[in-house]
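Below is one structure. I have some questions about it.
Letters A, B and C mark the chains in the order given here, with residues in each chain numbered from 1 onward.
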Amino acid sequence: MAVDNDTVRRIAFLARLKVEQDKLEETKEEFNKILAWVEELGEVNTDNVEPLVSVNNETLTLRQDEVLSGHISEEILANAPAKEYGYFVVPKVVE
Amino acid sequence: MAEYIIETEKGKWEVICGLEIHCQIISKSKIFSGASTEFGDDVNENVSFVDAGMPGMLPTLNMECVHQAVKTGLGLNAVINKYSEFSRKNYFYADLPQGYQITQFVHPIVGEGAIDIDLADGTTKTIRIERMHIEQDAGKSIHDIDPKKSFIDLNRAGVGLMEIVTKPDFRAPEEAGAFLRKLRSILRYLETCDGNMDEGSMRCDVNVSVRPYGSDELRTRCEMKNVNSVKFVMQAIESEAKRHVEVYENGGEICQETRQFDPTTLSTKVMRKKEFAHDYRYFPEPDLPPLILSDDFIAKIKNELVELPDAKKVRFVKDLGLTPYDAMVICENKEVAQFFEKAAAGRDGKKVANWLMGDFFAMLNKKNLDIKNSPVSAENLGKLVDLISKDVISGKIAKDVFEIMAETGENPEDIVEKKGLKQVTDTSAIEAIIDLVISQNPDNVASYKAGKVNLMGWFVGQVMKQSQGKANPAMVNKLLKDKLG
Amino acid sequence: MSNLTDLTISESLAKLRKKEISPVELATAYIEKMSENNKYNAYITQTTEQALEQAKASEKRYTDGTNRPLEGIALGIKDLFCTKNVRTTACSHIIDNFVPQYESTVTQNLLNDGALFLGKLNLDEFAMGGSNETSYFGPVVNPWSRETKLVAGGSSGGSAAAVAAKMCAAATGTDTGGSIRQPSAFCGVTGIKPTYGRCSRYGIIAFASSLDQAGPICKDVTDCALMLNSMAGYDAKDSTSSKVTVPDFTSFIGQDIKGLKVGIPEEYRSDGLNAEVSAYWDKAAEILKAQGAEIVHINLPHTKYALPTYYVIAPAEASSNLARYDGVRYGNRVSGNGLDELYINTRTEGFGKEVKRRILIGTYVLSAGYYDAYYLKAQKVRRLIKNDFDEAFKKCDVILTPTSPIEPFAIGDKKMLENPINMYLNDVFTVSVNLAGLPAMSLPIGLSKNGLPLGMQLIGKSFDEATIFKAGYQLERGANFVRM
């Protein structure tokens, strides 16, 4: 399943990354090389094989419903690149 | 019910609609973190490092949210899946801190179910539930503080949600409305979600398509996101269905897209075309192993389940003699049903229901009060009905007594005692009044005797007036007839 | 007294308890080594003042007898562990100014046991790499380098190099596809990746959540046991951490291995295997045999597919784990016209080439229409790989393999850089272990003809680090590797 330039562009946008026009070809080739390599998996017969979800067969432990954290807005905002009035700030989002 | 058909000069059309409802789970802490779910606190105060998507932070599942989901699933008569999995739904948004939402995709906690809805014409219809899963809510973006900036508050980020998805079973706006009211009622009975659509604790996405009446094809549907009242949901279905019909009749095609309903114009407009649709890249959440529920866990919740509106309704009709309509109205709200049961205990349910749905509701309405804050207690309403039943007061006097109760909250027995409103049932006392009235109105007596029998009403009125309304009307009638011959 | 920094943790603890040396002396010696060996670029943040303060406090504890299991032991911390109020970068430009307001569980456990932290160690950006060359702070130089500067391995290159060059008594590492074991092998030190779930991942910057696991890199096997005792344990804050009881790993040190069945997987001895590596593998088997172990041949039939499986699953999880680095709540923001442009500019400038490559691959394999063919397929093959091990462990107690098919290569090696797959192939002996969630240790077996260290790997059953420590200690004694 070789990818084309459009696919690379679409995938890059999904990941919010930019692939410069002059790097597109190179990125695509590298992409296809890696994909061709992982496609070796197609050789393996996986009929009736359950996908592995939890490697140690652990099941989920549930937490008691207690309020254990909060009122730490200063710490939450400590690393914020832009903050005002206790909010994180981003450029206007147009809905 | 009467079928909902869109009829034009060119033909007849049928509406197909399904709903997806997000319900905020009632719990103290968030679904995957120990921060509070409290609404209305200061900005970013109910946020843990987990909710803020800080590097290295991991989710831990709140037991209460699982408990609430199972309870809700049982309330929807649905299959509880003993094995369920969490997945990540990946997309970028300013108020989605991790860059993904933890939700359930392939293996939801609740499978298929069904609930009955009550329609205006007295019929019921079964709406099938496709599934219900649990997930985390996003934060809030505030766009109206600054013209160039959006502000992000993460207090809501990570609050637990239940997403209920119905089958496309709705054929009319009314059905969707009835469903939402019923669902809200069930959630409130279960105390798993407060069901307040205006506060956003219950949010509805509406899927609509149309097809020529009588066909069984499925045409392209459009989704309207976040419609925030029952009325708007019904209006959105109506206007969107009409739009589809117009497009088809003009030879156009409907594209699968996300639209927004505008309640001011009663129309929908496009938000996102399919080609710009997200590719959410769902995959199993590696930070959370599968959730396994034991039979005991589910059985325990089942045992603790409260009586739900449908069961209550049946019981009220069967045991308390209510009409199905009265029972439905009373059972829609859990507090009302509880109030009614208390007031009706050991009494004639039908009479109590009449008072409840008549003067009592009118009083709450007038005073703009919730039943929880009613000045008239259930016990006192019951006692008032007793006073009527035992002929202590007449229905007319009872209305006056009720008015005093609504003002003072007093016991009706005390009011009747204090104000001397007790009905006069003593034959000699009533006879004395009758004699007085007869002696004072010889002309009318003569006319009556001459055949003007409709003067009886006038005599009754005079006697009642003389007794200040306290005379037992039935006795007055009988004694008058005897005296006047 | 000979050089204090030559002492292992167990030796240091013995001397500290007898008050032959003091924590401050010990810490000072390491701090001197740090400045002497600055050229290796192992540390990217130093916290030596704080460490000396802690050493003073430790000194008091030795005096009043309240000393804890690792009291006064000076450690280096891989810069993937969040440390409260100490910059934590994952060696990425995108968060090179990030100061966590919280402490990872593993580092907190070490602090609770009296350890002190000398600083934060270099790694491949977000632990994605096998040579430490993807670090935003530049590559780590392998202390065994002579004329040519060689890589220290990766991703825990800083950790392995710092331990080898005695810039700390031991270091923390993390291992997603070999990131503890391969640099340990390259730098002639000993490292163990415990069973998935042994150590809490809380506060460790995630690369691939279903594969990531913390572990120690140390001077010897005994020190690994001491460190792992402190690092491991159930943590309610990590839902994947295990409740299986943590034994005292030091109790297995010195136990004999008579009758122990050591498995040699046929599939690992490919035609292209380096002759020296192959010879050392035989030697390691001989050493264990001489101690009474029995060598058995086993099969791991899906070995060939481990790397492609890994290179689907790890990038997929990474693409999602790294979505949070968006310039909104922390890290470096590069503005743009609107929110999407802000995201794109921030991420394009903030992430390095290898990280971006993996995010793209990961995004692709999860995207609509490709999920089943790649991700789901890889998860199924992952189960087959785990089943292989389950079968093999019916025939043996522990598996012996080389850690890496090659010896350390030069920084900037053309062959590795021109094709990412060439670099990925170096993980061939290590990734299966992560896919199966098993514990594995790498320990030095000897030097190549170029005078460079080579490592052997011992793979244990799930939650059976005990057998690894038993066999590892005996192999270490037999190999008699001379540390730097």
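Basically, a residue touches a chain if its C-beta (ideal position, glycine included) is under 8 Å from a C-beta of that chain, and two chains touch if they have at least 3 such contacts.
Fair warning: this is a prediction, and the values are worked out from it, not measured in the lab.
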{"item": "Central subunit by CA centre of mass proxy", "value": "A"}
{"item": "From chain C, the most remote chain by mean C-alpha position", "value": "B"}
{"item": "Pair of chains whose C-beta contact count is the highest in the structure", "value": "A-C"}
{"item": "Geometric centre distance via CA averages, chain C-chain A, whole Å", "value": "23"}
{"item": "Interchain centroid distance [CA atoms averaged], chain B/chain C, Å", "value": "58"}
{"item": "Intercentroid distance (Cα basis), chain B paired with chain A, Å", "value": "41"}
{"item": "Residue numbers of chain B (touch at least two other chains)", "value": "49, 52, 60-61, 92, 94, 150, 152, 279, 281, 288-289"}
{"item": "Residue list for chain A, restricted to those that touch at least two other chains", "value": "14, 16, 51, 53-54, 58, 60-61, 63, 72, 75-76, 88, 90-93"}
{"item": "Sequence positions of chain C contacting 2 or more other chains", "value": "98, 101-102, 210, 236, 239-240, 319, 326, 328-330, 339-340, 343, 363, 367"}
{"item": "Contact footprint of chain B on chain A as seen in their complex", "value": "14, 16, 51, 53-54, 58-73, 75-77, 84-93, 95"}
{"item": "Residues of chain C that touch chain B when the two form their complex", "value": "81-82, 88, 90, 95, 98, 100-102, 104, 201-206, 208-210, 236-240, 316-317, 319-320, 322-324, 326, 328-330, 339-340, 343, 363, 366-368, 371, 375"}
{"item": "Chain C-facing residues of chain A, complex", "value": "1, 3, 7-8, 11-18, 27, 30-31, 33-35, 37-44, 46, 49-56, 58, 60-61, 63, 72, 75-76, 78-82, 88, 90-94"}
{"item": "Residues of chain C defined as touching chain A within the complex", "value": "97-99, 101-102, 195-197, 210, 236, 239-240, 242-243, 302, 304-305, 308-309, 311-312, 319, 326-333, 335-340, 342-345, 347-348, 351, 356-357, 359-361, 363-365, 367, 370, 373-374, 376-384, 386, 419-421, 435-437, 462"}
{"item": "Touching residues (chain side chain B, partner chain C) in the complex", "value": "49, 52-61, 88, 90, 92, 94, 97-100, 150, 152, 279, 281-283, 286-289"}
